[in-house]
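Take a look at the structures below.
Consider the two complexes below, in which chain A is the common component and chain B and chain C are the respective partners.
Our next item is the complex of A and B:
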């Protein structure tokens, strides 16, 4: 059995290597861009009469890496700046660093993703138990079909359908943004109410597109647990339905945590769709807008942060799973 | 590739006896539940739409500015768009790009994923851990943001490039699953026996291992078609890709851009591609349900 610190260290090393590979990839991607935006800005500034040194510094401020010199020195310089969380400046909003641009979006995304995960987990787990215990009846069949269908519905379709139903046909929720701009920000009733009403539909879109996979996993897991001897023993001992339900649910919940890691990546990826559909100012919208505006430093920062978030979430899910299920605390290489 | 999706309703394919057993089995399983028949019918309909649909309409669809955002009527079954073009025509002509790209991507995923999974699982040792590190990497990187970042360089102008890029970024989970199946299969008696007989690695992998992972792979092919349709339509919906051809994603993007979600005018324009995607997904889900039973006799409810 490996010690926890060692495990954690292994995870961290792997995470850092991954982030390094992604950072390298985006560096070369941006340099491969048609017209090479970095060199283009540098040359434009030189032509406008700026000294080569001044132009180099200005370009460096924008992109976070040097416009001139060998590829290798540019690359090492970029990595060095990355270590200081310096990813250049946004070109769409003047005077704002790319990393702060991204972090503003991140808090909105994380709130939505968390709400979506909790909602879908709760709905999926409960419906999964019902689908498993009633699997020979119409209810079970209907739930299973609903689950696989909702699981298969794309997030943007879900978002657009929700928008159409709840803002056009039956206008009860606002369509746009994260909060009503007319309300005073702060810890007051109307502001919070506005936040909640703006977040309801996006969170619902997350939950509806996610609960299917939880439902299906929970269902098959409950069915396999129902066949276990301890359930029969509990039944023979005459335990009440409620207690038996607790026995079953606790054991059946375990596999749900394995798909937890998968759904987190899916959530952050889907953030792009759902935020764009609702015009919610999270990381996904930041990414799409930065691509639309050819704002490569913000694009790079957003992509790195989304990747880092997914990697960290994966590590957390893995550690959580180890903590919950004693059976997986085994020797050998984890995750191989 | 399209023939994989078509179900042989009524026709008797002239293939080897083992194959015939599969098709007969599929037909029997399909007949058992009407939902499955409906599913295969829906899929066949969409395949026909992608293959022959675009030939039914002129290259440039007629525009009628006086009749924009019209609701469904006799002359325009699904209404018209912001330029007064028939939505049904847009839907049919736009299906080919989406379907072709999704099928190429799914084929790419299945070939690369199965190849890597089989090789890694059978070889074990060094190549295995290197390949699995790469696979972990591919799985962990959030796919959609990656595709968005890549769109600054690649323009996905034709379905082939779109399909290849989607496939190259999406084979991870298939590789991992095929590898773990291979790992358990290689310890089984028949593989031991084949190796004991001195059969070549190529023979063992192709003739012994592949048929055993094939059911999983076939079902994955179907499911990944839906996932890729969703991804590519989504990319066009986001509006970051330039487009020169109409497709479902472009339709959704244009509908949202023209304020259909704000005014509620021309709802059928927005909803038509959405419903098409949902219908196709439903068809494939129902078909996968049937495939599941063909490959897994234990699931049969008698």
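Our next item is the complex of A and C:
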């Protein structure tokens, strides 16, 4: 087995190449999008009552923040800035750096989606084990059907159902936003409670729409492990039920771990519908707004962050898998 | 056992926190006297600067961003203003000299008085940021050529007297007022020398000065002070990614009129987010939002919710691209107008906040009445298949098997373009297609993916019949610019004249001829007439408006479908004394309503 630093170096080189490929692809793809952001701004100002000449003057400044020159020169300039971690300036909020726009939304998405992923993982894993161990009973069937049903429900439908139930019929949770602005920010009870209450429904929507896949995968994995010889040996040796459960769970969790690690990587781009439904200002909403306004810099920055997150998650999954599965460390195959 | 205890403790803590959070809005911050007014206004971005000129800003007009005056948006007189920072004003010398008297008690939120120096610096910033009346190009029609400090509370604005425009006054009055002691850190001390050089220097000097001003504008647009210093009724306290909190400014010159102790402005993503909040009774005052009749009923069923509405100088029309045959033929356009029941289209497209336009004339019903246009000379184009047939026959079309055919025997088709972003346009277009098909005219509807794409393709002349907002007043110049401005090939030159571009060039997607002969009017160049609207007196404007209305009615470059109704939702659970229906403040933000004495605590 290769040494860790060498493997890591190999991963990093591949990661940089992949980031460059994706950055190039998205750069040229975004610029093929039809639409003139200045014309859209002009129309918005005129509809708000500004005179046509006034609107024309006001939107002139936007041109100063739009890339000029040939596409190739724009691309080389973009790569040069990228090497200096400069992702450009927003044309929606003129002059503000695209990276700060994206990171402002990203921190809210991370909290929301991470909570949803952890919740769905925990629920799915536990119910998957129960569904597998009681697969011949009504309980197992009910859990399997429930998991399949929830897995089939789109995220935005789940979000709308939760909004209707918990903010309209039984209004116990806030309808929108990420925190109550009337609460003084800081590490204090009311502020943390406000953050939690605003994130509860969006995270729940995410968890409910995701746990089904974990449940079904875990069930399948447990059933597969239950048939292994070491489980029979453990029974014959008279090991307690609890210890046997730990043996089964650890082995059955391996496929779930891979899915979990990849889901973490996709979390930046995975909550658009939920964020829109709850008006939760994360990166998904930032991306949708930037597309609507043809804010090329913010779009590029968002796609870059999503790409980097997926690549890093893949690398970490690969490295951690080696750590948690001794069979891989010893050069064998997982599941052998 | 230990793990169970830990898990139970964690769950209990989460429950306690959640319960506290659900009731967190009842903390001491919100119990101040006057209460919290919750509004929904615009897109909120915590990274946006406190700069009213940025497209996305944390400087909210009427709340912590002040102008010299607030337009009454009168249908026929764009010079009617409520006082704001300007307590009074005198317009003299044929509208080329404006003397503004600042509110004597006007102060910034840090206690410093608002002075003439603030106005002079604000004007300098307006030159850099592209304010309507402030263009650093010599000879600009309607441009401000000088700003003079008369005394501490009096400022004189001078317009280019050789090329004055009657829109100059309202353009100056809508200048944002900024604190000089804050913004002077960003503006060079010799900015007015630069501005004067740009306006009066030699060609080379002026060019250099203009480049300096342009560079300053690019620098300033993304700048804003770290802490808000406002002369308005509120100052910005904090901003999250979804809301902005403003607290009452005790130094506001009319603080006694302001009831709420704080305002929360919520983020506005789209109509559905506003509707959800209205259904929960969480909005005390909202911007205009288009809703269906069923949604309106549900919103009004919520305790305290009401709607306050008034006329809106916005009209939805189907505009023709006359560079595409046979729509260059006026008989074809008239024939189509005779086939469309606009009342039915309005009922389907904009039932709750629209009224069918009575006459395709480029004007809303309110504007027609306000300008005293003689409607006896206008054609309402009421549905009449016989008249439509007559028009089509004059265009050389024939009917075969119940379908209308062009002169060359090919089927006559009306392709209508809409955008997925606007449900009312899509619904309306569907109904128009159905009506035309029932009348034997083949019609189709296609939707662009979003409004930005729609506008780009529209400007490129890709569409034949498409939605276009018209009658965007209150200024008559602004109204008719929509039909006889850049979209139709007429562009205002810096010297005040207009030049016409051929169809397909210079943004001309409507493709109208430069002039046409009209019975009773003679040869009319609508672009020239529209341009004159910005230069003539009110009486002359009236005559031109009547002429352009008749021209539009005769030539039908666009068929007006419905006049939008300015529909504002309010909630009276915590506040009362909202403006009545048809009030002239309805098109201003609620912060302006408060300044005028509306919105009092219950």
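To be clear about the criterion, the second predicted complex is superposed on the first by the 274 of 336 C-alpha atoms of A that agree within 3 Å, B and C clash if a C-alpha of one lies under 4 Å from a C-alpha of the other, contacts with A are read in each partner's own complex, and residues count from 1 in each chain.
The criterion applied here is as follows: contacts are C-beta pairs under 8 Å (C-beta built on N, C-alpha and C of every residue); 3 or more make two chains touch, one makes a residue touch a chain.
In this text the structure is predicted, and so the values were computed from the model without any measurement.
In the superposed three-chain model, the partner touching more residues of chain A is C, compared with the other of chain B and chain C. In the overlay built on the shared chain, the residue A:200 is in contact with chain C alone; chain B does not reach it. Looking at the shared chain after the overlay, A:217 reaches neither chain B nor chain C.
Of the two partner chains placed by the overlay, chain B and chain C both lie in contact with A:276.
After overlaying the two complexes on the shared chain, residue contacts for A:57 are found with chain C alone; chain B is out of touch. Once the two complexes are overlaid on the shared chain, A:153 sits against chain B while remaining clear of chain C. Shared-chain residue A:292: touches chain B and chain C both.
Once the two complexes are overlaid on the shared chain, A:163 sits against chain B and chain C alike.
Of the residues of chain A, those at positions 33-34, 163, 167-168, 175, 276, 292, 294 touch chain B in one of the two structures and chain C in the other.
Residues 18, 21-22, 26, 29, 32-34, 145, 148-149, 152-157, 160-161, 163-164, 167-169, 175, 265, 268-270, 272-273, 276-277, 284, 287-288, 291-292, 294, 296, 299, 302-303, 306-307, 310-311, 314, 333, 335-336 of chain A are the ones touching chain B in the complex. Interface residues of chain B facing chain A in the complex, by the touch rule stated above, are 35, 129, 132, 136-137, 139-146, 148-153, 226, 230, 233-234, 237-240, 252, 256, 261-264, 267, 270-271, 274, 277-278, 281-282, 284-285, 289. Listed in rising order, the residues of chain C touching chain A in the complex are 14, 17-22, 24-25, 27, 29-30, 36, 43-49, 53-56, 71, 73, 129-132, 135, 142, 167, 171, 214, 217-218, 221-223, 238, 240-245, 262, 264, 266-267, 269, 273, 276-277, 279-280, 282, 313-314, 450-453, 455-457, 459, 469, 472, 474-475, 477-478, 481, 485-486, 492, 587.
On the chain A side of its complex with chain C, the touching residues are 33-37, 39-41, 43, 46-47, 49-54, 57-62, 64-65, 89, 92-96, 100-101, 104-105, 108, 163, 167-168, 171-185, 189-198, 200, 276, 279-281, 285, 289, 292-294.
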